[in-house]
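Please see the structure below; I have some questions.
Note that the chains take the letters A, B, C and D in the order they are written out, and that residue 1 is the start of every chain.
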Amino acid sequence: MASSFGQLFRITTWGESHGGGVGVVVDGCPPRLKLSEADIQPDLDRRRPGQSKIVTPRKESDTVQILSGISTTGLTLGTPISMWVKNEDQRSEAYSEMKEKFRPSHADFTYFAKFGIRAWQGGGRASARETIGRVAAGAIAKKFLREKFGVEILAYVKQVQRLIADVNPDKVRFKDVEANIVRCPDAKTAEKMIRLIEKMRRAGDTVGGIVEGIARGVPAGWGEPVFDKLEADLAKAMLSLPASKAFEVGSGFGGILLTGREHNDAFRAKSGKVFTTTNRSGGIQGGISNGETIFFRTAFKPVATVMHEQDTVDESFHNTTLKGRGRHDPCVLPRAVPMIEAMTALVLVDHALRHKAQCG
Amino acid sequence: MASSFGQLFRITTWGESHGGGVGVVVDGCPPRLKLSEADIQPDLDRRRPGQSKIVTPRKESDTVQILSGISTTGLTLGTPISMWVKNEDQRSEAYSEMKEKFRPSHADFTYFAKFGIRAWQGGGRASARETIGRVAAGAIAKKFLREKFGVEILAYVKQVQRLIADVNPDKVRFKDVEANIVRCPDAKTAEKMIRLIEKMRRAGDTVGGIVEGIARGVPAGWGEPVFDKLEADLAKAMLSLPASKAFEVGSGFGGILLTGREHNDAFRAKSGKVFTTTNRSGGIQGGISNGETIFFRTAFKPVATVMHEQDTVDESFHNTTLKGRGRHDPCVLPRAVPMIEAMTALVLVDHALRHKAQCG
Amino acid sequence: MASSFGQLFRITTWGESHGGGVGVVVDGCPPRLKLSEADIQPDLDRRRPGQSKIVTPRKESDTVQILSGISTTGLTLGTPISMWVKNEDQRSEAYSEMKEKFRPSHADFTYFAKFGIRAWQGGGRASARETIGRVAAGAIAKKFLREKFGVEILAYVKQVQRLIADVNPDKVRFKDVEANIVRCPDAKTAEKMIRLIEKMRRAGDTVGGIVEGIARGVPAGWGEPVFDKLEADLAKAMLSLPASKAFEVGSGFGGILLTGREHNDAFRAKSGKVFTTTNRSGGIQGGISNGETIFFRTAFKPVATVMHEQDTVDESFHNTTLKGRGRHDPCVLPRAVPMIEAMTALVLVDHALRHKAQCG
Amino acid sequence: MASSFGQLFRITTWGESHGGGVGVVVDGCPPRLKLSEADIQPDLDRRRPGQSKIVTPRKESDTVQILSGISTTGLTLGTPISMWVKNEDQRSEAYSEMKEKFRPSHADFTYFAKFGIRAWQGGGRASARETIGRVAAGAIAKKFLREKFGVEILAYVKQVQRLIADVNPDKVRFKDVEANIVRCPDAKTAEKMIRLIEKMRRAGDTVGGIVEGIARGVPAGWGEPVFDKLEADLAKAMLSLPASKAFEVGSGFGGILLTGREHNDAFRAKSGKVFTTTNRSGGIQGGISNGETIFFRTAFKPVATVMHEQDTVDESFHNTTLKGRGRHDPCVLPRAVPMIEAMTALVLVDHALRHKAQCG
């Protein structure tokens, strides 16, 4: 269904940008995991607007509340975990012009075409606020994967427009990612990225880029042979994020420049453990993890809301123009990092449980 | 589930490379669609081994048989349509060495890690033969979409290694695609591609590339807002194909080089119909079709089986080497074209029915 | 998944008896349905504790709040509708003995066996409070079915212990059901039922019975041929309600006393409309509605909590005894009526959308 | 979806009574289970027409063929197991009158109302031949449950019309069930049942009854708290069988005659193991198994096809009459026994895997 993700560790998100709030129900979480709001809030803080000078200044504390699924002793019960965040800083007036006009390259027109109605304030369900539920649920998944399997999930900004960071997926650390506001572990490039984003914001324009996501410590054997290949579910997860346009795993598009001989990852064994000498497969072969670091890249287009007059049409299908107003991100990448981590964790935890069910 | 795809128009494929055969069950197909094997076979012939000098010479007629779901008058009954193809040209001996050794960058090791057992003959379930069921089911979906909605689905080879074709997604025709054995509608580049693939085959090496898929005539409104975005389901569909490593829709990775002002697709209206003056969105905005041509690209890595000795390990996790034998494709792209079309059709028909259910 | 129901009109409930509250997310509701809390609250009031002298005196206003999915103009947006009710009258102390002991014929032991942990206060997730989400979602489904298809859904108490009501499923009206506190449209039997339940309450004992559910105006053609037969989904829906033990549709268990000749419903046609002269099929044939009144019966066991000492074991698996305390229903039937209606509506709306998708 | 059942151990059946054949795809079966046709055929033989004088004389050997999912060493691969049975004894001419007329209390009219088309030969998809796939898949599930968990699944005829067998669910043995052709382990009553069915057959009439299904050795903890309660999924499974009209678990409808004090199952512990002194719960409490014997009853109506003229309508909706022809069962019960076992096994194996995934 449209608002649910996962088969065994299944989340269902709800909520519009403007309205009571946004939230998520997590069904299928294993019981007896220590869990409280303190496990969730840090990732929401990394996703939050207003966290730095290069993201939207919208003021939302995004304080999460857990409503169900936890015992009085602070353990998961195995029943649905319902979490929500109240909407606070809603300024519908900033959107009043959008009541009649479709923002270019936004979802206004397509929602209207589909549903015959739309929540024009703040983009409604198409708002990035919808990802709050994902990030909250992903924090649970990350904790479970870390404690139960030793899996470590990370994401970071790999590229902003033409600025490309130099990062080693096998070695990068969380603290290096969080060391700067753009969330790029290559400090020098990070500086340039921040300057570029600020320049864009001042120009009323926006910029896109690439986030790289990684998972270390995934045991060999997670994933499925055919439709639910690990890379297929990761691709779906990433392309379901707002503003994402592309996905590649391992060698990705670049891999096509090599021949088969050059591209193949040789297997070697050491002390009864199999590994590959290169990792163009990105840790996944035939849809199933092979024990190497899983890594992939997701491209995010430049944010559609720009502070310039642009051609568009209104709800009566007449030509008009529209100039962006309100408080918007000049670049989604720093806030997309925790989203990528969350979606990665949700894919992996689901496959971990599926693997246990059939083959465990 | 691993071997099923789609929610309302749901297919379930089965079968290994070596064994009784491969097949598919299509559940949820609307009733009273005229259908016979003659609607299915042409796409299977385009997928078939042995069809030209640049694909594997394995001899399989891949003749489809419909076992259920059709009335005596040749119409779909609305009940499951079961189709299958017998395996014919099985030469297990060509794979005997693989009984003990894992082929590099294949699924041998990961299947073994997951299931503790594997069908080593011909790759078993990881064989491209699994896609027969997809292509057969996709032919039904294509026919339904064409007859009921006027939707036209096409795919073609866009790039082989560094050879890039010049194709206009809005104008390319099926007969241009089928005009040559590499299935690239740019005749000049097609020639070069064929020569490159032949050269690779002679060298015992392989090569990858990009297939572009398009859908024309999709009405605005298909798709879903959040997890089941049209581009997310397309990404999953494409990344579930063997050897695929990357996906991009519309401007894709290239779009990040533009700023928001440059990237946005302006809306215009004419005679009460809305359109965009550019199509960097690739026909999808916020997960929902906007009425423009949907187009996307999928990268396929160079085929893993090369006719050269390569480092690998055996089932006892000892180091060894393996040299490819048997009959293999030097490049999957020409045969991937009907697979891409099939998966595109399966995604779209499912969303067409879902849209009708909720909003029709 | 455990906490979701429905394929296209899908609900996910959450919440324990004691905790923040209970709620539901409704995904897949068609857009542009007029909807507000005023459409939901009446059914919650019929389900509410404290509504009469024959139900538990627990004090819960059960005031519903809609958090998402509704436009500022009061129409459904087609996006998830999140609703919740705060828990108010929680008296954990009434349950303190149950912290250590399993209540006989309750879910305490089995939850503990499954999850290794349990929310012992008020039965946690096994509490009838979980049904609040179902009733709230069912109210939306009922409204949609009524306005869009003219389908009328009703339930009423058919039997309490040995007291059997005389009711005509084709003619019974909502106001007759609501005319008394036991929700039995046969006024005379209703009086006896009320006296019996009061007697049981005074004796610290409990009593069970049968609720009959009906749906009038369902067009021929809803349902599915094989596993998702309409009666199969109704059976699952009813058996998923707390304390239910049996289900029968149409002639049910009684039908086995007739021979085929006696049992068959003859078809007749009048003015181009087909009907049956009897309705032992209960409005469903081969899993699909035939246009006649759908009717079925669900048995609810006597409530397990009795105010008498009973043998049981504690969490250390030692023998002990337990006497019921707290505020409990002497008979669930009056409050089960809106639950049966809700589950019936949820099954039918899902099949209505599924039918439209494939055959509409 | 209509033709699929189960979430993790998922089966998809296909096929009409007349046509190429009927079959099933089993997806999600754990790997490395020893499996061959010899494990499947015995249950198909118990379901087969022509097996005795009290079932239809239609001649079908129903020989199963496994097409995929098994290794050359005879073990399941963890990939889809495709099985099918060819249709052999098809006499369409026996159904020619039904081409135009709807059989009373059959699915002819409702299929036509739903799909606008129907396979009139032999009832098409509504034929009991559809259950071949279920029985074949159920045989795998039974084997897995027996070998992996020591779970024993049995069913037997409990009642034919007014003839009620005396059987102890905790002690009844398979060989007692198979000791006579009606599959009733109470030998004396079995004799009477056989005579009654033969009498009915001679009179061109039919008779219904009750099958009891049991599962012994199910560990405490299988099942789910809310919608997917074990009894709910069993109810759905049983009501999805052709001709079934009612389901009850444990005390069922009869339980409403007791008060709560009388009905409750007292817990006792012995050597660290919890059990109940009575079993009115039928082995399930709050949707989850409690370790006691699971038992339930399913009612099957008298077969609709009788050899007497009956009122009906034709496809043009004109009144007419129809007299049953062809070869039909005077009573479905003996052949329903393996179907009940199969559906029970499919429900339990799915919950076994789900339990392992979340709580194992």
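The criterion applied here is as follows: contacts are C-beta pairs under 8 Å (C-beta built on N, C-alpha and C of every residue); 3 or more make two chains touch, one makes a residue touch a chain.
Every value quoted in this text rests on a predicted model; they were computed, and no experiment measured them.
The chains that touch chain A as well as chain B are C, D. Of all chains, the one whose CA centroid is most distant from that of chain B is C. Rounded to whole angstrom, the centroid-to-centroid distance between chain A and chain C, based on C-alpha atoms, equals 39 Å.
Mean C-alpha position of chain C lies 26 Å from that of chain D. Note on chain placement: the centre of chain A and the centre of chain D lie 46 Å apart, centres being C-alpha means. Residue positions of chain A touching 2 or more other chains: 1-4, 7-8, 13, 28, 31, 78-79, 114-116, 125, 225, 359.
Within the complex formed with chain A, the residues of chain C that make contact are 1-4, 7-8, 10, 12-16, 19-23, 25, 27-28, 31-32, 65-72, 75, 77-82, 84, 114-119, 121, 124-125.
Those residues of chain A whose C-beta lies close enough to touch chain B in the complex are 1-5, 7, 13, 102, 104-107, 109-111, 113-116, 125-126, 130, 159, 161-162, 200, 205-210, 220-229, 231-240, 242, 244-253, 255-269, 272-274, 276-277, 280-282, 284-291, 299-306, 308, 310-313, 317-319, 355, 359. Contact residues of chain A toward chain D in the complex are 7-8, 28-31, 78-79, 225, 353-354, 356-360.
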